Amino acid sequence: MSVTSAAQFQAVSQVFGDFTAVDAIDLTIPEGKLTTLLGPSGCGKTTSLRMLAGYLRPTGGRILIRGEDFTTAPPEKRNLGMVFQSYALFPHMSVADNVGYGLKLRRVSGSERAKRVTEALEMVGLAHLAGSRPKQLSGGQQQRVAIARAVAIEPDLLLLDEPLSNLDARLRLQMRAEIRRIQSETGLSVVLVTHDQDEALEMSDQMVVMKDGRIQQQGSPQDVFPAPANRFVAEFLGYENFVPTADAQVTVRPEHLHVNARQSPAATSDGLSLDGRVTDLAYRGVDVLVTLAADAPGSSSPDPIRLVADLRASTAPDLRIGDEVAITASPGHLVTLPA
Amino acid sequence: MRGHRRSLMLLLLPGLVLLLAGFLVPALIMLLAPPDTTTGEVLARLGQMLADPYDLTIIGRTLGLGLIVTVTCVVLGFPIAYLLARSQSRWAGVLLAVAIFPLLLSNVVRTFGWLVVLGSQGAVGQTLVALGIVDEAPQLLYTPLAIVLGLVQLFLPLAVVSCYSALAQVDANLDEAARGLGAGRARTFWTIVVPLSWPGVVVAATLVFAGSITAYTTPYLLGGSRQRMLSTQLFQYSSSTIDWAAASATAMIMTVLVFGVAALSSVMGRRARAS
Amino acid sequence: MNTRRPVAASLAVLGYIVMIAPLFFVVITAFTAGSTVRFPPDGFSLRWFEAAVTYQPFMSALASSLQLAVFAAVASLALGVPVALAIHRGKIPGKGLLEGMFLSPLIVPELVVGLALYQQFMIGLGMNNLTTLAIGHTVLMFPYAVRVTGASLALIDPAVEDAARGLGASPMRTFFTITLPLLRPGIFSAALLAFVTSFNNVPLSLLLQSREFRTLPVTMLDYVQQNYDPIVASTSVLILAGTVLVAVVAERTVGFAKIFGGINR
């Protein structure tokens, strides 16, 4: 057993009736790192988190925390800090009592408890709101209290279920950095569930992309982003253009596609080079989204394929709908996927 | 999982025991096998009742008055709920409280008021005499009218509450949207407000009808022995004449009626929600 | 009221008159100096209030009613809250059916329930009327307890309970430190509703009465049949005042309309 694993899923399944929410996944959560479980709704990410936290008992497999089997232990026996999507603050208790609740259960003495509550609240910058009720706080503040409450018990793992989905866009960006900071300050092993690929890319040490209860790909953002393992992961990470080739398909991101008025033969010999036509233009200030219909040499279908290019407005050629264009991409930006 | 199931059973068990021993079993025995008689006799008595003109009058009166009360409560209760739900006035809250408050008040107290109003020395009779309209105060008590008035007073708050909670969920902007599209006030009311709050009206009508055909205090005080209804008749069978077969047969009729109305209403409610 | 909707406004006014006017006349009659219920009343006095509070049968019936109502409220909640918990928090197949069964005493006519208990328990098993009344009132109030606390439970985010578990609280501890405090307004509403409903009940209390133990509404009903003096009017006014007090307490604590929102979903 690796010493650096905070938790492990070993062939863990969760079957509800005839629906398999999680299908025999194997997963190692590294110690002291931030791991995100990423995927669309229904992919099994939250179910996996709830099994790790003890709210759902796996229907198959084992869950180890720090090398010990916790598969059937109830949540209160696990010492994990969970932050819920709805924050789940206790509405009838003050902020300080919320944060101190877990410490009280651990029989931490009054003075020590007060000290640790203050520390936890200071960490999230809310020490001045200790006496408030959750109802009096903004969404962002409630979120911070929920994190402080989970961290105060010095958990073996900090689990966050879609922690940012109820915040507005600006606050969301701020909280991403905040959660990273807390993670590095405390050195906690963190598991964060999200459906937002930007969030996962920005925050993760390790990201785990899931679909239909199975892990599609895992690794650091630097490993996963440039090399999606399959079309699902590619689409989920924002790849939009899929071009069939003889035995596989290649994909390229919209911002890596070049569009130029058609000269004689296309300039690039390796990489991607297609002829096509502009079907739609959307000016968006900084950039222009160009929708294209391209002739696909490798495709078995006679229909043209649809491509999207995201061009910088300042350098984009002057295009009109209906223009015949050359579409190119350099080889370094092409990702080959299984067909 | 086994622990979960055991604790669920522990939570449910006392309630189940109460429900079975304190309600379902005694009620079933009473309906189907009352003392000193047989199920056959109960059913035979039921058959007789459904053929006997006197008993049929009682059943007819119960249903007829129940229907009148229901229609009256909806016709009076819906406008109250509608005006209160759409009012911006701060008095709306007070008026709503005034309409709901009688639900907390004893039926005996509420019904007693009608004895004061309708009795031979009462407000209505004496006013008519004082105005010289009649020479002698007319007998208003122990008439179907008295029962209807008493039951409407009793159940109108229920109708208001049901209609109000349905109307409160209908977005007032819809009214304005319809008006903006050129619908008149009346047209907006009948094509937007009424259809959208219909489930609440169905609930109101069900509660009022079921309540009216089973109420005891009001028909007893305001109808007396002259205007027997199923409930007063049931009490008669079970306490004065002690005719268990007749009591069970009457109880059966009342129970079947109430369940029938509840079933009809749930079908109507489901249809209203589906459309 | 609203003059732009003349039809609706007239119907509404008529409705309020039917609901309120009789009570108005009860109050007037209660203050009469005369010895019969008549209109207009003969002068003004408080003599009938004095008569009411010194009339032994009414006062002992009041005590009986209060005892019974408190018992029924407490007992129905003690049995109803666990049922509401099981229905709303447990994973039970056929939940709707189970809930329907627990609410069924609300649908069956009260007089039928009363007859069943009178016949089977008092006559059949020879139980005394106090025990039978206690059972009967608890049965009738039980659906209110299940429904009102259930509605209040449905408003509590289950994640709050999960959070307590995750922080180390056992299920029992979670219930007493989280669920129960959050459920308090619901329990209070249910208790209030059960208390008032039991206190006002006639059909059950009528069939299950005895000379030693009968409730106030039943005693009043009996009295009205025999006599025609204003003591019932003054007693009614006292009940009215008590009920207003209950309503004010309800409004101040949980909100008056909410209590009834709970029964008429």
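General remarks:
Just so it is clear, A, B and C label the chains in written order, and each chain counts residues from 1 on its own.
In this section, a residue touches a chain if its C-beta (ideal position, glycine included) is under 8 Å from a C-beta of that chain, and two chains touch if they have at least 3 such contacts.
Source: prediction; values computed, not measured.
Taken as a contact graph, with one node per protein chain and an edge wherever two chains touch, the assembly forms an open path, each chain linked only to its neighbours along a line. Relative to the C-alpha centre of subunit A, the farthest chain centre belongs to B. Averaged C-alpha coordinates put the centre of subunit B at 17 Å from the centre of subunit C. Centroids built from CA atoms put subunit B at 57 Å from subunit A. Taking each chain's centre as the average of its CA atoms, subunit A and subunit C sit 54 Å apart. Along subunit C, residues 171 each make contact with two or more other chains. On the subunit C side of its complex with subunit B, the touching residues are 1-2, 4-5, 7-9, 11-12, 14-16, 18-26, 28-29, 36-40, 78-80, 82-83, 85-86, 90-92, 98, 101-102, 104-105, 107-113, 115-121, 123-124, 135-136, 138-139, 142, 146, 171, 196, 199-200, 202-203, 206-207, 217, 220-221, 224, 232-233, 236, 239-240, 243-244, 246-247, 250-251, 256-257, 260-261, 264-265.
Chain contact summary for the complex, subunit A toward subunit C: residues 53-55, 74-76, 78-82, 84-86, 88-92, 101-102, 105-106, 149-150, 153.
If you check the complex, the residues on subunit B that touch subunit C are 4, 7-8, 10-12, 14-15, 18-19, 22-27, 29-31, 34-35, 75-77, 79-80, 82-83, 87, 95-110, 112-117, 119, 121-123, 126-127, 149, 152-153, 156-158, 160-162, 165, 185, 203, 207, 210, 214, 216-217, 220-221, 231, 234-235, 238-239, 244, 247, 251, 254-255, 258-259, 262.
Contact residues on subunit C toward subunit A in their complex (touch as defined above): 157, 159-160, 162-171, 173, 177-178, 181-182.
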